[in-house]
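Residue numbering begins at 1 within each chain, and the chains themselves are lettered A, B, C, D, E and F in the order written.
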Amino acid sequence: MKYLSFGEIMLRLKPPGQERFFQSPMFEATFGGGEANVAVSLANFGLDVEYLTVLPDNLIAEACVQELRKFGVGTKRIQHGEGRMGIYYLEGGANQLPSRVVYDRSNSAIALAKPGDINWDTAFNQINWFHITGITPAISETAMELSMEAVKAAKAKKITVSCDLNYRKNLWKYGKKASEVMCELVKYVDIAIANEEDCQKSLGVKINANVESGKLDVTNYQELSGMILNDYPNLQMIAITLRESQSADINGWAGCLNDRENFYLSQKYEIRDIVDRVGGGDAFAAGLIYGLGAYNDKQSMLEFAVAASCLKHSIIGDLNRVSVSDVEKLMHGDRTGRVQR
Amino acid sequence: MKYLSFGEIMLRLKPPGQERFFQSPMFEATFGGGEANVAVSLANFGLDVEYLTVLPDNLIAEACVQELRKFGVGTKRIQHGEGRMGIYYLEGGANQLPSRVVYDRSNSAIALAKPGDINWDTAFNQINWFHITGITPAISETAMELSMEAVKAAKAKKITVSCDLNYRKNLWKYGKKASEVMCELVKYVDIAIANEEDCQKSLGVKINANVESGKLDVTNYQELSGMILNDYPNLQMIAITLRESQSADINGWAGCLNDRENFYLSQKYEIRDIVDRVGGGDAFAAGLIYGLGAYNDKQSMLEFAVAASCLKHSIIGDLNRVSVSDVEKLMHGDRTGRVQR
Amino acid sequence: MKYLSFGEIMLRLKPPGQERFFQSPMFEATFGGGEANVAVSLANFGLDVEYLTVLPDNLIAEACVQELRKFGVGTKRIQHGEGRMGIYYLEGGANQLPSRVVYDRSNSAIALAKPGDINWDTAFNQINWFHITGITPAISETAMELSMEAVKAAKAKKITVSCDLNYRKNLWKYGKKASEVMCELVKYVDIAIANEEDCQKSLGVKINANVESGKLDVTNYQELSGMILNDYPNLQMIAITLRESQSADINGWAGCLNDRENFYLSQKYEIRDIVDRVGGGDAFAAGLIYGLGAYNDKQSMLEFAVAASCLKHSIIGDLNRVSVSDVEKLMHGDRTGRVQR
Amino acid sequence: MKYLSFGEIMLRLKPPGQERFFQSPMFEATFGGGEANVAVSLANFGLDVEYLTVLPDNLIAEACVQELRKFGVGTKRIQHGEGRMGIYYLEGGANQLPSRVVYDRSNSAIALAKPGDINWDTAFNQINWFHITGITPAISETAMELSMEAVKAAKAKKITVSCDLNYRKNLWKYGKKASEVMCELVKYVDIAIANEEDCQKSLGVKINANVESGKLDVTNYQELSGMILNDYPNLQMIAITLRESQSADINGWAGCLNDRENFYLSQKYEIRDIVDRVGGGDAFAAGLIYGLGAYNDKQSMLEFAVAASCLKHSIIGDLNRVSVSDVEKLMHGDRTGRVQR
Amino acid sequence: MKYLSFGEIMLRLKPPGQERFFQSPMFEATFGGGEANVAVSLANFGLDVEYLTVLPDNLIAEACVQELRKFGVGTKRIQHGEGRMGIYYLEGGANQLPSRVVYDRSNSAIALAKPGDINWDTAFNQINWFHITGITPAISETAMELSMEAVKAAKAKKITVSCDLNYRKNLWKYGKKASEVMCELVKYVDIAIANEEDCQKSLGVKINANVESGKLDVTNYQELSGMILNDYPNLQMIAITLRESQSADINGWAGCLNDRENFYLSQKYEIRDIVDRVGGGDAFAAGLIYGLGAYNDKQSMLEFAVAASCLKHSIIGDLNRVSVSDVEKLMHGDRTGRVQR
Amino acid sequence: MKYLSFGEIMLRLKPPGQERFFQSPMFEATFGGGEANVAVSLANFGLDVEYLTVLPDNLIAEACVQELRKFGVGTKRIQHGEGRMGIYYLEGGANQLPSRVVYDRSNSAIALAKPGDINWDTAFNQINWFHITGITPAISETAMELSMEAVKAAKAKKITVSCDLNYRKNLWKYGKKASEVMCELVKYVDIAIANEEDCQKSLGVKINANVESGKLDVTNYQELSGMILNDYPNLQMIAITLRESQSADINGWAGCLNDRENFYLSQKYEIRDIVDRVGGGDAFAAGLIYGLGAYNDKQSMLEFAVAASCLKHSIIGDLNRVSVSDVEKLMHGDRTGRVQR
């Protein structure tokens, strides 16, 4: 089984610790991005995974490729192209003070890439599973067209396609609304992953939940997921993450899965000292992809995904630096965090 | 509308992160002090504010002036004088372990300044609002005399005077008790700001609250504020902060305002992962001064002050690095701390 | 009164802040180890204490000795010997993610030390109290023999012996089970200190508590301590720490003491933002040893031990950097963590 | 006398100390750019200087403006516009290993700015001196047109124009060669500043010097400067920096000035432990601009410029953090670097 | 062409910057070791290289493997075994103060490995070139036997064998002298690499040079290399590095090569601000191995090796982070270190 | 033999690495001061040494005492008194840019100490050697009187007195010139230590050397030292350091010694990459004091002092972290700085 994840990877610049921008003349400089985060997670779970993106040919992009390779992600399909490396600036929040992201990702090499730039026969060579998100079609019109080309090629090759809808309100600037694009793209997807806001903004499907309230009513999610499965008969299943944002530090975290036959609801985790919540959704997606291959029952698949992403909230950076055994330990009930020595 | 804040500004030396003194041979070196913190907050809220102090003529004081200027605080009225730059050492606490402050502020240039050293006509040129605190009269006898001179000159010029009572038990070493001085100084004040301990120690007004208990009985505050307004007919209003100290990390935070006509009580915020609580009261004072000019209703003025100071607890350093829109977002109810991207 | 603590001291290597191993190419490098932590705590409480260990003759061990001396611990009885300096790598956890320890302490100088290497007449010169733990007999067969030699020599000299049972499941690799050794060693002990797991694994005494559950039933501890006192008539008393592990950050913390006459239960502390829990047990042991000399009533002795170790959870590193007055302030009820200025 | 400097200002990202890119996941994050460096230098020399640029309206650009304001540079003429903030990545070299710069400045707000975007009447209000460089016309065609508009407007207002030719071979990508543009732009300049390569690449004027050799033949510079003054009768004078690059750490540094009447050659400085040579040329330009106003003789003007820029090589970052007295001390002969205490 | 390098890789712990041990409680933590440094260098030059070692199965060793993989070194042949990960502590020197190394590498997994532990058929699968050094046979008797087994197996498979003699006086503790072992091992080597001290201590061949003097007489090296080639008819060539140690910061650096037909002497580099000289010899070895495959003439092969290792002295850490183009730029004469932008 | 050193010890605050004040909001925080530096050096050489000073009773001073104790300096004679802890701010220089010191040491506890505050019988108990410098009499009138009291008491007890004249032009503010005081104090001294400027400013003895020139004429020093020995018949000998300041990084360093019988001149060291020259003179003084006890010939005594202080220039901080064997290695000729492994 060989996996391919496709999308952007950015330089992430964050002030040290809990500082606001430029309190010190210093940035923690790492790499991340939704689809790359999934690839690294899958590699950390021991899977054979390739990453596909377009990067400029410079020393910063070279360091980025090295970082992926460090985790065992295959990087030989990464292409060079015109354009820059995208950047996002992140300022951590606490309590009532939200984290803030400043995007500087226009004109990135992947945003400038267009249909025809990628040879999909080569890219999909030996690949069984393709992962894409709603971010790539949001960054530029050509990247959207390239994304459509990708999922169509994948389906033509009978490759399983997973897609994290991942709505980003500050992207989608090239003239199309998210739902115009995503409703079409999802027709080529087998496994959909989303949160409540994604469902609403990317697919136009609403329920009566208020994401700003910090509290979620779990009972509505069966209905929401059912509606989407009805609209898209190609979907095998949809998984939805459930985040209760009490404050920047304190979140409830759970997930649900609807495979048309049953609706599964996971355990809920209380995370009271969030270290870094960026990449939490990506960790869920990777956990689900792993779980689908590793377990026989849907409940376990879902529990693995939720436990994996729960742990991500305790790790600095976009990347989920945990192993299968770390996740299974939590999934099987040990939440005490006792020192392991 | 032009504001002048007057007092000391010190070098603040703190071990990195959660370390105790000299666990590493390193100090985080920033600047702060009650009145300067107010000035920076006002500048961050977009107001036209000058800072007035006396500093030595050396490279450290020069860096301090640069820091104020960085935020847009006017620094041209700052004077040079004999004496040193005051320092305070701060060690952060956690849980049951309190933060600790070691003062090294004797013989600072502002402490050595005396009546006559400041030309108040120049200092108050174009000024409509003057802010002072109970700290300056506490640092030396001459600084006390200078403070009295200041408020009298301000009143003579019909400048609005706000005063944060700010009782500091380890100052007041020159032979007078706080209440001997402050009861006189407050006669020249229009807007008083305080916490429960300040009322008691600076003005000698007591209620049956135990500040060490970590729990506050809100109902007593209407009585307390009323007693002070009775004693000082010059006061237009008094605002009092309400802190519930459950531990070094977990505080409840609210405020109340008595304008003789009504008693207003703010929302209460639960702050469960305090990043730095130093400057919380100063952020409240600045929020109130801003609010008084920006809103028509007293409740909003108070809510702005409390929300602004609530956010301060999530920011490292003395200075409240938030904008009006940050504060209004919280004040209008969004406490979820969700990532803004 | 002069104290001697005996055991290993290791180099502790920890990634900065909340990072996982090698997120940055950097380690915080400090020193620690159960018995040395006790010695430093006793010195911080103002007692006259010597540390006894065996170290290699190199620059790293020299720095370790300097660190002990810095706190006023006597280091002149420390011997040089063949072998290395033990190391432990520590990765901090958060929430559901546990802290992890990687030991690299085989072939340390103390592990290679054997009976006869230490002249106990010299080592015990002027000593009234000897502290040892269950770690030293766990690291090697010769260290176990040396430990037995030590307690026998101490008893022969009528020195009071305290022992923290301190079970470590990843040590005990030389062919003996902990209980085979510790049941014998405890016969030479006056004051035993333990947690529930230690009682079970080191002495083979069980109660129906589940240490993995994060919740402890206090009522069982009277029975447990009673059973041990019955088995070992030489013991004057046994103190047991009670940790409730809700997560890596949130622990309940208390202790109990059984002196055959009475069973004492301490106040319980809720620690909600643990900074570093390594060394918490050692801080308890040191607090108890101090308390036994400083107070007349058992309840105060126990309360001092629990308060001292509660504070340790808010301090980075193995060492408990608090004074008697810090501990007494908490012990007498001030848990508010208000800034001391 | 009021000065205006106009151009880009970028975020500068550099690995800590002597590390290569991403040896640590950390960047030193400061701000710099040729024209901004000149503005800060002039402010440090006590002059009244404004900076003019176009920046995006985001938190990073806001921090950049604060940094300029910190030094007393006027920032009220800075405009917001579409586009990003330019970035340059810098890796320090040593010995035979060169420093490396990776530019990421395409589509910056200043590069997207076009004629008409700046109201020159407002921009030049009260301005007597205008500084521009050859970098701005290199970054985009519209920026080139804007630059031409700027110098023409300046001349129309009889403002003195200084220009540092500053050839950058990796810019100039929009289809024009440097010499096509600069030969025209220089016609509106009063004071030209350059190094040997700038003369050749920007103005097409060559002498027989080999900039790669690390050694410069001073005698050719009189001829070179004379040729340029002949070609551009509008020029009052031209100053040229003379750098001998023995290695990344060891440079000789001097300058010459030709004012049509005389040719002046400065003292030469041997800089053997270069701390940061970026911004050395900008420090020279600022020193010359200051010198022209401060001294009566050309030799002193030149010596000030060379001494100021010599000192820059010992300071980290783009900005020359020295005062007039620091420069004059060196200029008058004290090169010993003895501790001042 | 596929390369295999075999030996130890250690954790390297160094105080930050120019600090001595424990001036700060901090270590820079990287990985290095003679043979691994060669492997990373070869990968940086674009070659297909595998690393072979034995490591324990823990989180620190896992990070080490990730680091190798980051550079593109193949890590799949690395084996797990009993024993620890070796460590070396490094303190940087300056001027007359030497750098110091404290070894803690006893009982490492590779030191405990013994003949039979490695399947050489698998290890040498597809390998054309095998690199080994004189360090591995120095660390333990079994490692010595394993090294002998390795070179014999390599020769049996007609694999080219290169060996850096690399004498380390503080190893060789198991009872054999270096020369007893190395004189035998070199009989299986094709390409020998050494410095003057290695020749003397590992092979017992002396010339009249004094390595402590800081000055080397180049003329003796032809004689020295000739003597060794005479003694070992199997050797195709021997390359010797020539270091003139004027101080910890200032070294002259050159190399020579004797291929029996001719004696080649390289350019000499003056390195006046050494950043980190550890790994300089390894960079030479890797440069030579690369050069032998890349160039047709011996002089170029040698010049590449010397230029590559010259650059290493300007890079922090054991690893030579330079590309072929970086080296060729220097080799072709550009020593000026001018900023590349 | 037991030594006592007496004077101030200050907190030293320095920006990280080569930064200027407040480029980062960070200070390296260590402790130092002429006499304390001597005490630590002597302890590092294995001597039995006590430090005597007056410090305030706060957490910063407590850390300072711990730092002295770490090196084995006896701290039990240190007294608490009114006043603060002195501070000096240090900015490192490079090349032509000088290091800068900002003193903030007024009103320190030692400056406020006065005759009678120290019981000299207790202080000198078992002491054979007393070290004092010209700094203590410079900081205040009472400290001057206390210094006089000290040397007189020492002479009365027949204790050998060494004094480093150590002229500081920015002290001596209480109304006396250095020479008025020092000419009297030196009458109680046995061993005088000085540089050229000290001789001139403290004792009023001049030669025709220009300390600003960076070059020293050694031949004048015999005359200079002879003049002083003539003036002060009580002096057994005088040692003078010879610094050639070529730049902030590059100094020549040597010393001479006149014992009335002979004039000894040391080797000269070229220090080309100075790491930190503060404390260089103190290292010389300590080296001389050690040498006088350790060697039989004056030349060796002097050479030890010069070699010890030469090494200090390569170590960060005031303290000379070298051992006798480090110094002897250099003193016996090994200047190559080769890695010791």
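The rule is short, and it goes like this: a residue touches a chain if its C-beta (ideal position, glycine included) is under 8 Å from a C-beta of that chain, and two chains touch if they have at least 3 such contacts.
Here the structure is a predicted model, which is why all the values come from computation and not from measurement.
Between the contact lists of subunit C and subunit D, the overlap consists of A, B, E, F. In a homomeric contact, the two copies may use the same or different surfaces; for subunit A and subunit C, under half of the interface residue numbers are shared, pointing to different surfaces. Distance from subunit E peaks, on a Cα-centroid basis, for B. The interface formed by E-F recurs in A-C: of the pairs listed in A-C, C-D or A-E, only this one shares over half of its residue-numbered contact pairs with it.
With every chain reduced to the mean of its CA atoms, the largest distance from subunit F is reached by A.
Compared on C-beta pairs in contact, A-D and D-F come out with D-F as the pair having more. Rounded to whole angstrom, the centroid-to-centroid distance between subunit C and subunit F, based on C-alpha atoms, equals 43 Å.
Here the CA centre of subunit B is 62 Å from the CA centre of subunit E. Within subunit E, contacts with two or more other chains are made by residues 17, 23, 25-26, 66-67, 100, 272-273. Arrangement of the chains shown, judged by which pairs touch: all-to-all, with no pair of chains left without contact.
Residues 13, 21-22, 25-30, 58-60, 63, 66-67, 84-85, 87, 89, 91, 100, 102, 104, 106-107 of subunit D are the ones that touch subunit A when the two sit in their complex.
Residue ranges of subunit E in contact with subunit F, taken from their complex: 17-20, 23, 88, 93-101, 103, 168, 170, 211-214, 245-250, 272-273, 277-278.
Those residues of subunit E lying in contact with subunit B across their complex are 23-26.
Of all residues in subunit A, those touching subunit C in their complex are 17, 269, 271-275, 310-311, 313-317, 321-322, 326, 330, 334-341. Within the complex, the subunit B residues that touch subunit D are 66-67, 69-72.
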